[in-house]
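Across the two complexes that follow, chain A remains constant while its partner is chain B and subsequently chain C.
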Partner chain A sequence: MGSDFTQQIRDKAKELLEKGTVECVIGYETGSDGFSARPAFIYEPAEVERLVFDNTCSHNLVKYLLNKKGKPTAVIVKGCDSRSLNLLLSEKQIDRDNIFIIGVVCPGVVEWGWNNRSDQLQIRCNWCRQHNPVIYDFLVGEPVTEGPPDDFADIAAMETKSTEEREAFWREQAEHCVRCYACRQACPGCYCIDCFVEQLDPEWVGIRIAPEENLMWNTIRAFHLAGRCISCNECERVCPVNIPLSLLNRRIEREVLGLFDYRAGMSEDAVAPLITFMKDEKLGIGE
Partner chain B sequence: MTKIIGKNELESWLSGIMKERTVFAPTRVDDLILFRPVQSADEIVFDYENTNLSPKELFFPKTETLFTAVPKDGDIELTPTTVDQEVILFGIRPCDARGIAILDGPFLDEPADSLWSQHREKTTMIGLSCTKPAPQCFCTSMGSAPNDASNVDIMLTQVEDGYAVETITEKGEKLLQGVELRESDVQPPVPTCDVNIPAEGIVEAITKMFDDPYWSRLADRCIHCNVCAYVCPTCYCFDIRDRTDKGKTERIRTWESCQSKGFTRIAGGYDPRADKGTRLRQRFCHKLLYFPQQFGALGCVGCGRCVIACPVNIDIREIISDVQKIGAEVGQGSN
Partner chain C sequence: MSVDNGPLIIGFLCNWCSYAGADMAGTSRAAYPANIRIIRVPCSGRVDPLLIVKCFEEGADAVLVAGCHPGDCHYNEGNYYSRRRFALLRALLDFMGIEKERFQVEWVSASEGKRFAKIVTKFTEEMIERGSRKAS
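Right, the complex of A and B next:
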C-alpha cells in the first residue's frame, strides 16, 4: 500500500501545483522520529517528494482547511476525514470550489506515538465503517466493502457500570484534564470564533483547571458535537492525559443514530437533525 | 567514598517521612506516570523515564487562589493564600529540577511571587539520576546532565546494591538526619545523554532570523493547543480572574499559554499577536531569546516532553537546528 499510495499522491500533488489548480497541498510527511507521519504543507512542485502515506497518517487534515479559506487548496482525506469535509461543507464553512480532494481508501491507522509504533490498529478503526472516502476528486486505492453496522460495544460495556461507577470514572478523568484544549484544536467540528469556554460574559465555565470545571468543559464540548462528530477520534489521540473522549462522543452518536437514523458527514448537503426542525418531527425520547 | 542506601532502607526511610509529611513521587495513574501524593513506598515507580507532566505544578499549580476578599465592617478584608504543607518531592529528574531553578528567575525577581517562594521554601527535593536517557531527551545540550545534582537537596543515583546518596543542601542534610548510610568504594555510573542539539549561539541566530517566513510556514502545521506549554517544566504563563460566590471573591491564577488565541488580546479587542506565525514564534523566542536575555539561561531544559506530546510533531530540537541554519544564511546575506 504505502509506496504505491505515496507515489500516486506525489504525482497528483505535483500536477495540481504545476497547473496552478491549487496553491498548497495539505498531506503527510515523515516526522522527526524518522518514521511516523505529521501534517505537511506543500507549496512548490519540487517539494512533493516530501509527501508520504502510511498507516501512521492519523491526523485529520480537514481542520487545516479552515485556515485556507479563499485559497485553492488540495487536501488528503481518509474515509473518516472525508466525512468531516462534508460536515464543514454542509455547515458552509468551506467552499467546495476552492478545494481539491485527494481521497485515500484507508487501510486503517495503527497506534503510534513519537518514536513508538505498534502494529495494533487504533480503536477508531474498530468502529470505522467508512474506509472509502465519501467525497473526493481523485481517489487513491481500490474501494473496499465496508463491514456490518457498528454495534457500539465500547458504549454498551460502559453502560454495564452503575451510575456511581461511571461518575467516579469521569471524575477521575476530569482530575487528569489540564484543559490544554488539544481536543478542540484538533477537532474539525470545533471552529467557533469564540469558544464557549473562553467567553467571559456570560462566563459559562469558570477559569479554574479543576475537576468541576473540567467536567463541564468536556461535557459541553461533547454536546456541541452531537450529530456532528464523525468519529475520527483525533481528540482522543491528541489528549496528553489519555482521556477516552470517544466514550462521550460515541454515546451521543449512538443516540443520534437511534433517534434520527443519522450519521454526520455522509453527504455535503445533509440536513443535520440537531440544527433543524421538521414539522412532523417526533419530540424524541419516550414517544 | 560513596555513601549508599539500600533499596529496602530507602523505602523504609520514605515510609517514615510519609507519616509526618506529604511525599509526592512518580506513581502510575491509569497509563500515565504522574507526581502524586503517595501513602506508601509501594506506590512509587522507580524505573520510569520521566513523568507525563512536569513537577512544576507543585510550585506553580494549574489553579491557585492568590487571595480571598470578603466584605467586613464596611470595608474589605483581604486574606492572602499561605502554603502550610511541608512537601517532599521524591524522584525529580535533573532536567525538571533545573526547570524549577530556572523559574526562580522570573518568580523570585523582585517583587518575588509570594506563593512560588512559599512552595519553594516548604519543598525538599530528592533527585533521581537518569540511568538511561530516553530518545527525546537532550538535557546535556541545554546545560544539564542525567546526573546533574545542582538543583536538588539530595541526589540519588542507582547503583548495583541500592542508591548512591549525595547531600547537596542543608535542607537535604536535615532530612537525612539519623539515616544510616553505608560507605562504599563503588563509583556511581555516569550516564550520558548523547543527543547533541546545537544550542550554542542560538540567541544571535534567532535574532537574525526573527522576521523569516519560517515561522508562518511552521505555524501552518501547529494546531495551537496548549499541550507543549502545559507539559513543559519552564513554561509559566498564566491568567488571572476573579470569581465571586456567595459574597466571597477569590482571585484565581491558572495556567495559560502564549499559543492560545486571545492570550494577548487587550481591551478594545486588539491582539498584537493575532496570527499563528507570531504566536508560535513567541514560544520559541521566549525560550531561546528573551529568557536568556533576561535571566541568563535558555528557557528549555531538554526534557523532551513537548517532543513526544505535540499532536503534530512541532519538535524544538528540529527548530533549534533550523534556526541556526537560517540564522547563518541570513547573517551571510547581510554581510
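Right, the complex of A and C next:
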C-alpha cells in the first residue's frame, strides 16, 4: 500500500506543479527520526520525491489551507481530514476553486513512537467510519466498506461513573492542563481571529494558573466545536499532557447525532445544527 | 431558607417576557426565595454558553435561563436558537460533572408572575436538597 500510494501522490503532485495548476502541494514527508511523517510543503516539481504516504501520516493538513487563502494549493487528505475540508468550505473559510484535493483512502494511522515505529492504531481509528474521503478531485486507493455505526462505548463507560466522579476526573485533567492551546492550534475548526480565551474585556479565562481557568477553557473549546467537530482527534494527539479531549468532543457528537441526526463535514453545503432550528422540535429544554 | 447559607442561583431573564414576568411576580406580591440573582438580558438567545460556564466556574450552585415561550420571541427566533444551544450545553456540563438539574431553562411569559415565583421556589428547594457544589 505505502509505496504505491506514495508513487501515485508524487505523480499527481508533479503533474499539478508542472502544469501550474497549484503553487504548492501540502503533503507528508519523512521526519528527522527516519520513519515518522511530518507535513511537507512542495513548491517545485523536482521536490516531489520528498512526498510519502504511510500509516504515520497523522497530521490534519487542512488546517494549513487557512494560511494559503487565495493561493492555488493542493492538499492531501485522509477520510477524517476530508470532513474538515467540507467544514471549512461550508463555513466559507476557503475557496473550492483554489484547492485541489488529493484524497487518500486511509489505512488508519498509528501512534507516534519514540525512536520506534509503533503498530498501535490511534484511538480515532477505532471509531472512524470515514476511511474514504468524502470530497476529492483525485482519489488514491480503492474505496473500502465502512464499519457499522459507532456505539460510543468510551462515552458510555464514562457515563457509568457518578457525577461526583466525573467532576473529580475532569478537575484532575484540568490540573494537568498547561493551556498551551496546542489543541486549538491543531484544530481545523478553530480559526477565530480573536479567540475568547485571549479577550481581556471581558476576561473569560484568567491568566492565573488555576484548574478552574483550565476547565473553563476546555469546556468552551469543546462547546465551540459542537456540531462542527469532525473527530480527527488532532487536539488530543497534540496535547502534551494527554488530556482525553475526545471524550468531550464525542459526548457532544453523540448528542448532535441523537438530537439532530447530523454529522459534521459530510457535505460542502451542510448547515450546522446550531445555526438553524425547527420550530416544533422537542429537545428537553423548557418543557 | 436563609439567603446567606442557601444555594446561589444566577438567573438570566430575557427583557421582553421573563424579566417582565419576574416584575409581575413582584407587583402581584408573589414571594420567591432571594437566592436567585437576576441578570436582565435582551433575549435568551443572547445568553452565551460562556456566561453559564463562567457562573459555574465562579461558584454558582445553579443557573436558570428564562425566555419567551417558543413562538413568542420578541426577535421572532432567538429562543429557538438558545433551545438547541442549551440542549447541547446541558449534556456537556452533565458529562463534566455539573448535574443537568443545576442548569435549567424555562419559558416564562410577561403575564406568568405567579408561575415565575413557583419555578424559582421549586428550583431553590431542589438546590437546597442537592446541596452546595463546593461542599460536594
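Going forward, the second predicted complex is superposed on the first by the 274 of 287 C-alpha atoms of A that agree within 3 Å, B and C clash if a C-alpha of one lies under 4 Å from a C-alpha of the other, contacts with A are read in each partner's own complex, and residues count from 1 in each chain.
In this section, a residue touches a chain if its C-beta (ideal position, glycine included) is under 8 Å from a C-beta of that chain, and two chains touch if they have at least 3 such contacts.
Because the structure is a prediction, the values reported are computed rather than measured.
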{"item": "Overlay on chain A: chain C relative to chain B, clash or fit", "value": "fit"}
{"item": "Which of chain B and chain C A:H176 touches, first, second, both or neither", "value": "first"}
{"item": "Contacts of A:P240 with chain B and chain C, given as first, second, both or neither", "value": "first"}
{"item": "Which superposed partner A:E164 touches (first chain B, second chain C, both, neither)", "value": "second"}
{"item": "Which superposed partner A:E18 touches (first chain B, second chain C, both, neither)", "value": "neither"}
{"item": "Which superposed partner A:E49 touches (first chain B, second chain C, both, neither)", "value": "neither"}
{"item": "Geometry of the superposed three-chain model: angle at chain A (Cα centres of chain B and chain C, steps of 10 degrees)", "value": "90"}
{"item": "First (chain B), second (chain C), both or neither touched by A:R38", "value": "first"}
{"item": "Which superposed partner A:I209 touches (first chain B, second chain C, both, neither)", "value": "first"}
{"item": "Touching partner for A:D4 - first (chain B), second (chain C), both, neither", "value": "neither"}
{"item": "Least Cα gap, in Å, left between chain B and chain C after the two complexes are fitted on chain A", "value": "11"}
{"item": "Set intersection of chain A contacts, chain C complex versus chain B complex", "value": "none"}
{"item": "Contacting residues of chain A [partner chain B, same complex]", "value": "31-33, 36, 38-41, 59, 63-64, 67, 113-115, 172, 176, 178-182, 184-186, 198, 206-210, 234, 237-238, 240-242"}
{"item": "Interfacial residue positions of chain A with respect to chain C in the complex", "value": "155, 158-159, 163-171, 196, 204, 212-213, 215-216, 219-220, 222-223, 226-227, 247-248, 251-252, 255-256, 259-260, 273-275, 277-279, 281, 283-286"}
{"item": "Chain A contact footprint on chain C (complex, rising order)", "value": "49-50, 53-54, 57, 67, 70-71, 77, 80-81, 83-99, 105-107, 136"}
{"item": "Footprint of chain A on chain B - complex, ascending", "value": "29-32, 52-53, 62-63, 135-136, 217, 220-221, 223-227, 229-231, 239, 241, 243, 252, 254-255, 257, 260, 262, 276, 307-313, 315, 317-318"}
